[in-house]
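See the structures that follow.
One chain, subunit A, links the two complexes that follow: it is found with subunit B in the first and with subunit C in the second.
And now, the complex of A and B:
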């Protein structure tokens, strides 16, 4: 028998020459043999930062297409498509009322592939909202918010709000009529507590609506300040928050013992029997 | 049970079933359990990877085709002096916009807040542990879903039909105080409707899970109905038109 390294292969240092060097380099990155044994298949997952989000083995029910409908993964896929196309759009976009619209026109008519990237970003944004809502419905109707998954459901609701916020804040950026008036509606909704304070005759003293509207827009109208605020929300604050939230969401799935399945044993918190 | 468990072990078990597999399973050589994973499991590699990559490529291909066929909208440059009419929010907010006409406060802030808090509280209101991992938690759930869907469709579509044909409080009593409309409008009627309906379901089925199914289905169906109406049947001044070809002003 050969001496085995901790990764299950012959120690590279023992092989000389160029071939040995190349093997050494390869093995320093891919630290396992060909994944055709249970051991190496496990190592693929646990020795890779991106894959170790998965457990090494997964319950068959979690793979049933008719169970998850792939919707959670699709939500994440859309998030990734949006992040990549969004960064490309950022390279050309300038968040100022003087330039934003022209930059979008450039993307549409001048920059090679610009229109495709913008289309991808726009349609994927709609897709993500739809898929996240459907994912929530799948989780709900399969009763997957129970048995230790209560908190992950709440994390999901936060992700839903972030998804809607991302989509909505992006709506203003092209600075066209559609953007301007849709966001004006939103801002008027933010100002709507004046309905109550007006009816009570106390707007003068406690203008809650006006305050929230000014907080959102940085002024009383949708203008340059509003555009910058929406830009920062759309390109920095909300994507970061969503990325962190998705991380928590995935981590909790692992902590909650993988996906829900029929006939799973009820288990309470802290290992206590319910 | 009075088995003494060391505290570390108990903590490790939090939220998960004790697993009978782990890296210990990775011994050299074959065992009698080859190809039949413990607890009905399969190795993540390659099955899950293949599924995930398929979803990734499928979604990318679909978006690519959509993007080659249809261009994202871009209207004239923003002009504060020329209001869009109708000015519509993106589709997922149109259901709310349908309610905002009566009261922006109730339709645009309070009801969304109620919906969000209600959704977040679902796992804490329904704490039954039956029916996990099963679509609709069984046949009763399917029946509740179906009946709730019919009821909420009739109620939400009926409210729209009522207001389109006969208006609402302000058209009947022009002098009415806005506080009354904030309190009583199609949005709040829907909220009261879902509360009463789900209480009824809980009483009849003696199950909170069924109550939760009633609430969620109600929310989903009225969301779809209102979004549909606002997307396809609302024109200038938020008036009702069966088709945008009937809009005045040659749109």
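And now, the complex of A and C:
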């Protein structure tokens, strides 16, 4: 039975005793020897879910700090920080008009470490928006959206929209004056197709703007329903969508043959040279 | 396989796929409908604001709950919405009318825009009287500027 184990280990269990068992378990977790041979070095990467995000071999250009400026990775790091600190904030935050504001104040002034966590979350949120936009600029200025990477550019646009959506939905949660009026204004911007349907005189039959606003707020005004909707969007829907989107984004980079680099042959879907 | 078998199989496949598609579309539709608010947990658009005698002659009163300015003038009683037509902030009273704190729109005392970005003047709202003599403002109904309730 042991002989068929995929790691090819057979004799440990036969050695018997606690030592043999421990060694067996160890070998089932760490499935390779010391990374002192090219093969083992590759195995370290391939057999680990997290490390295998990077391929075993990358082009020198992809590692040049001056090329990517690390902006994509920074976006991802911000996303991870936001996910972790966000879950910690959820322990105390309550999305109700009666409590939300006081809970944020307690996080700031009463709960030990609350202010640090809140500020990590807030600054990382600002940081992520800035860095995602800069990353997009880097991709644009290096022409990295060409040569079959058009699809990943579109995935990137989706990620940009999700990032902005997370930023906007999180903004309401402190339930202070700034939050309230920012979201009132945002919801009315979402309702702006009304200007167009009004001009065409069809608002009565096809009130797209008004419907979008009511869908977003769960009513006509920013109230308890808007708060819970934004909370669900901010804490569940958008982070999950972003996580999936980031997965697709990274997977596409691998399928597109790693990052763009100088002298790369054009292999766009239409076969045109860049 | 005869032609008959083939057409029967094709037919059943299409019916099956059609059912799957119909169920999928119906679920999407139902979920969309579910997300639209069927109950509004917010103040009614109609509010009773008291008797005419509770407003002084020539006064402009701001009611913060319903976000309206109530005028009592020689022509009668009328109400102007305090919600900016730009993006929905609440305007404040100035010497010449109203101004919006959010993006600087300015309105005169009749709610007419004197400086953008607001695209339209402040709406005049329907004012009526209950049989018991209470004034009622209906924020969901606009009336032409200049309309007022004789009291």
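Convention: the second predicted complex is superposed on the first by the 238 of 274 C-alpha atoms of A that agree within 3 Å, B and C clash if a C-alpha of one lies under 4 Å from a C-alpha of the other, contacts with A are read in each partner's own complex, and residues count from 1 in each chain.
The working rule: a residue touches a chain if its C-beta (ideal position, glycine included) is under 8 Å from a C-beta of that chain, and two chains touch if they have at least 3 such contacts.
Remember, predicted model here, so these are calculated numbers, not experimental data.
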Subunit A: partner with more touched residues, subunit B or subunit C: B
Partner chain in contact with A:195 - subunit B first, subunit C second, else both or neither: both
Touching partner for A:251 - first (subunit B), second (subunit C), both, neither: neither
First (subunit B), second (subunit C), both or neither touched by A:54: first
First, second, both or neither for A:63, with subunit B first and subunit C second: first
First, second, both or neither for A:146, with subunit B first and subunit C second: first
Partner chain(s) touched by A:185 [first = subunit B, second = subunit C, both, neither]: both
First (subunit B), second (subunit C), both or neither touched by A:26: neither
Contacts of A:225 with subunit B and subunit C, given as first, second, both or neither: second
Overlap of the subunit B and subunit C footprints on subunit A, listed as residue numbers: 181, 184-185, 188-189, 195, 221
Subunit A - residues contacting subunit B, complex: 35, 38-39, 41-42, 44-46, 51, 54-61, 63, 67, 70, 73-74, 77-78, 80-81, 97, 101, 104-105, 108, 115-116, 118-124, 126-127, 129, 133, 136-137, 140-150, 153-154, 157, 160-161, 164, 167-168, 171, 174-182, 184-186, 188-193, 195-196, 198-200, 221-222, 255-257, 260-267, 269-271, 273-274
Complex contact set, residues of subunit A against subunit C: 181, 184-185, 187-189, 195, 211, 214-215, 218-221, 223-225
Of subunit B, residues touching subunit A in the complex: 1, 5, 10-11, 13-17, 21, 23, 25-28, 37-49, 51-52, 55-56, 59-60, 63-64, 66-68, 70-80, 82-84, 87-93, 96-97, 100, 103-105, 108-109, 116, 119-120, 122-124, 126-129, 131-137, 141, 145, 177-179, 182, 209, 212-213, 216, 220
Residue ranges of subunit C touching subunit A (in the complex, touch as defined): 35-37, 40-42, 87-89, 102, 119
